[in-house]
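Some structures are shown below for you to check.
Common to both upcoming complexes is chain A, partnered first by chain B, then by chain C.
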Partner chain A sequence: MPVRRVLADPLMWVGLLFAGLLLGMNEFRPVLRWAFPQTVPVIYDRASFPMLFLAHLALVATASAAAATVGVALAVFVTRPAGAPFRVTVGTLVAIGQTFPPVAVLAIAVPLIGFGARPTIIALFLYGLLPIVENGIAGLEGVPADVREAADGMGLSAVQRLFAVELPLAASVILAGIRISVTIAIGTAAIGSTVGALSLGTPIFDGLVADNLPFVIEGAVLVALFAIVTDMGFARLDRRLRRHAVAG
Partner chain B sequence: MIELDHITKRYDGRAVVDDLSLSVAEGEFCILLGPSGCGKSTMLRIINRLVVADAGTVRIAGEETTALRPEILRRRIGYAIQSTGLFPHWTVADNVATVPRLLKWPPKRVAARVDELLELLRLEPRLYRNKYQHQLSGGEKQRVGVARALAADPELLLMDEPFGAVDPVTRDALQAELLRIHRATRKTIIFVTHDVDEALRLASSIAIMDKGRVVQHAAPLELLQRPATGFVADFVGRQGLGLKLLAVRRVAERARDDETAPGQPVPLEASLRDALSAMTERGTDRLPVADAAGRRVGVIALADLVR
Partner chain C sequence: MTAFLTGAPGVLRGHPRSGVREPVLFTLLLTALTATVFLGFVSVAPNRLLSGRPVPLWVAAGTGYCGALAAIVGPLVPLCFAPPRQRWAVLTVGLAASWLVATLAALGAAAQALAAGAGPAARVSAGAAFWIMAGCSAFALADGLRRLRAGPVAAAAVALVLGGAIGALAARGTFATLSVVQEYSSRQALFAAALTRHIALVAGAVGLGLVIGLPLGLGASRRPRLQGPLFALLNLLQTVPSIALFGLLIWPLAALARAAPRLAAWGIGGIGPAPAVIALVLYALLPIVRNTVAGLSGVDPAVVDAARGVGLTRAQIFRRVELPLSLPILIAGLRIVIVQTIGLAVVAALIGAGGLGTFVFEGLGQDALDLVLLGALPAIALALAADLGLRAMAALLPQRADR
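Up next, the complex of A and B:
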């Protein structure tokens, strides 16, 4: 990429800001000291920010990868002739998963499987499924009927039609579902710190408990930047996918 | 040779194709002609098994279509539809290459075949190869659709109102193209339309369908002169019958080979209707006639049209 294009790339600047804050939050110590003279310490010190980020990333990546795999598989299944009878049931079940507040899922999961990352991942997974299944079905059903007919008429097998025609044409709608799901998961993963999962939400909750506003701000800013950077990354991926898949 | 043997297809208890039998000779350009909803598309799709018949058999060159897996059968049958169904995420070349690639042709042979077909359909390969369907006009899409159907040199070509959605001028050009391709390749074509003039222009035989049955299967001329039923007579139209008769007869049938005339010649393959049109346009009652190589071989006169 030419230097001019790199410099004009907002994703790079926001990404740099995020990385800079993760690695160099200490540089803000004088500013925070001046702003919050009553509070000690002003920089969260029970775990390093890069560590918290990696833990947060692991929660989101695990839950979202599982939600994307299961969600797309479910959408594929209910849009095949064999799965059509399950379409309504799957839609209802997934919608129910979405109506539970994530806190409630955590409250139910903890007594069953204990504290830590696992109940958080389960809550994120259930919570992230709906947009992926919904968009998956919409994307697959949005493939024009004549394109499907042509694919069959040319002699593509059902599997070839799915992978060569339907999924590529549905890709940008499916990706939009994954994007919503991941963005929600990044915000929701912060709540996992209430049940002992380490994440960028941990400083927020520790700060609330200890009445330490700088901790809360540090955690909140990092969670927000993480979500923004990820969303911008998805936007870029989406532009790539759309370049030629102009249907109709 | 394609044999449709007592085919029936019911939807919700109603027979959409009703005990239909039809046999199409090899190299024939057979048109399924009938009003909307009479079961033409359903019949066509039973041939390549996109629709499964409730009763009856389809044989291609003596072999029942059910002897093969549907995908394997379909790779041997070209299929073109009105809305084209081009794959929007693939280039023109990739679309045309669909079936050859399914048949695992080596890439070089695929590329050469794609260019050959684009040229056959008069789409300059250099300009069109890498385009996507959203960059094409309706007529160009249809040309790509036909090229894709022809790609693996199928023994049989099924076409469902392929020119139904393009403007009259483009349709005219595409019909001429298809006639040329049929004459050059001698492929068996089964072509669905509800447009009588299109049928008369293209067909070597026309099967008139009504309510899921074939009511008459005959050459265009016979259909016009001896309609089997009132429905056939009404459908091909009593109005303008004379002009329709001129449309299905060739100049070759009436030309005199021992005379000459000045001016731009009409081809032997042209219809008498085209000859009449040219005479009217030029204000003359005699036109020179040329063969496919462009040699002047005789004359057609106004009196020859009505004799």
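Up next, the complex of A and C:
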């Protein structure tokens, strides 16, 4: 990639800012001390920011990977003849499920499953399924009927048609569903700190409890940047995918 | 029994001559039966903080309710095999609705029976089998309505009837011994205040969002060049998780309140409703602006030309042509915004904004599921009611002749 294009890449700059803040938050100690003279300490010190980020990433990645696998499989099932009778009910379930507040799903999961990372991952997984199934169905149903017939005419089996024709054509819509799912998961995982799951949201809650505003700001900036960098990454992936689809 | 689903592939391929014709209903019945056999219908705990012991339906609810449930669910089994006729779908809807009400009544009766035999501090709460059965009956109802091709208006009417039946049960005190209801009884005034505050947060944020978002959307639809940067900004805001945005607004508002004590006297500060409403408005803007632009751009330019031709002024064209024509999309946007704001307002409790989230986070802190439910269930009910209500409203709009 030419140097000028790399330098003009917003994803790289926001990513660098995020990484810089994760690793070098300590450099802001004098500024924060000046801004909040009464608050001690001004830098969150109960866990390191890179460690909190890795814990947050692990929560989101585990739950979203499972949600993407199960969600796409479910969308494939209800768009096959055998699953067709379930198509409308799954659609209704997904539409109703998405009116539930994610935090309510998280809060109800905790007393049933216990504190810590497990209820958070399960709640993230369940809620994360919904946009993926919705977009998966939309994407697979959006494949034009004549394309499917052409694939059948070429003698492709149902499985070959799914993997070689339908899924690649639906990829962009499916990716959009995964993107929504991951964005929600990052925010909900941050709230998971209230139930004992370690994440970049932890400094926000510790700060709110201890009335330590610098902790809140540090956590909030990092959570926001994490979500923005991830979203920009998905936007980049989507552009690649579309270009690839057009070129291929 | 599962042989119908797994053993005979032809059955599910859409041309069944015999076997399961309603696989959704069949699956729901099977799920409910399995849950009832293997899981607790209610859970009994010696006190508020200890975890409960599951009690199955037939032990908890007594023969009367078990018989009534069997009498309602039994006829649904042959309906799985009935030919697709309207009258069978109507019967399915009626039975499924009765099933849901009977499940709730059985829960109340079970709680009363078990609470009578246990100590005064004992807590009876809904168990996994109850939730699964209630969910299965609700989906059997939704599936029946789908087979009748019922629209949102009919669904809202059914929901109102069901709400009335459940309300009548509640008025008779059926649920009084249920732990979540006891949690409510011990803090009725707090609950009313939290619910009012929650609705006020949503109404304030959506109202302000409309006041800001509608002109923004109107302007953006008139000047398409503005749309790129505007949507980039609103998308960015939407990406920021709620808890981060709430956190980021605390500092500037606290500084503002310090600099202008008069504002602080009005209740504007770093903690409380002010940062919550600001954040909720910022989140509300994207759906409002997006749907306003989509609605107005969707109006056929020929219609606007014709209106201009008959001598309408610009304001008249907007009021009498563009606004009515884009109303369905605007209402869809309003529905998305209200549902989203009801959920986000739960999180706002963390920064002291009050509302139903107060119970959710207090309950999480005490590991008390009933308190969590006292906050979460009304929030879910509010969101569902708003969703169904606005869908019905959109369906009731006068249909355009050209559609």
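Just so we're on the same page, the second predicted complex is superposed on the first by the 240 of 248 C-alpha atoms of A that agree within 3 Å, B and C clash if a C-alpha of one lies under 4 Å from a C-alpha of the other, contacts with A are read in each partner's own complex, and residues count from 1 in each chain.
Basically, a contact is a pair of C-beta atoms (placed from the backbone, for glycine too) under 8 Å apart; a residue touches a chain by one contact, two chains touch by 3 or more.
If you're wondering where the values come from, they're calculated on a predicted model, not measured in any experiment.
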Contacts of A:V223 with chain B and chain C, given as first, second, both or neither: second
Touched partner set for A:L32, first chain B, second chain C, both or neither: neither
Touched partner set for A:V165, first chain B, second chain C, both or neither: first
Touching partner for A:D152 - first (chain B), second (chain C), both, neither: first
Partner contacting more residues of chain A (chain B vs chain C): C
Partner chain in contact with A:A123 - chain B first, chain C second, else both or neither: neither
Chain B and chain C contact sites that coincide on chain A, given as residue numbers: none
List of chain B residues in touch with chain A within their complex: 48, 50, 70-75, 79, 81, 83-89, 98-99, 102, 132, 134, 148
For the chain C and chain A complex, residues of the former touching the latter: 9, 12-14, 22-24, 27, 139, 142-143, 146, 236, 239-248, 250-251, 254, 270, 339, 342-344, 346-347, 350-351, 357, 360-361, 363-365, 367-369, 372-373, 375-376, 379-380, 383-384, 387
Complex contacts: residues of chain A adjacent to chain C: 81-82, 84-86, 88-89, 92-93, 96, 99-104, 107-108, 110-112, 115, 183, 186-188, 190-191, 194-195, 201, 204-205, 207-208, 213, 216-217, 219-221, 223-224, 227-228, 231
In the complex with chain B, residue positions of chain A that touch it: 144, 146-157, 160, 165, 168-169, 244-248
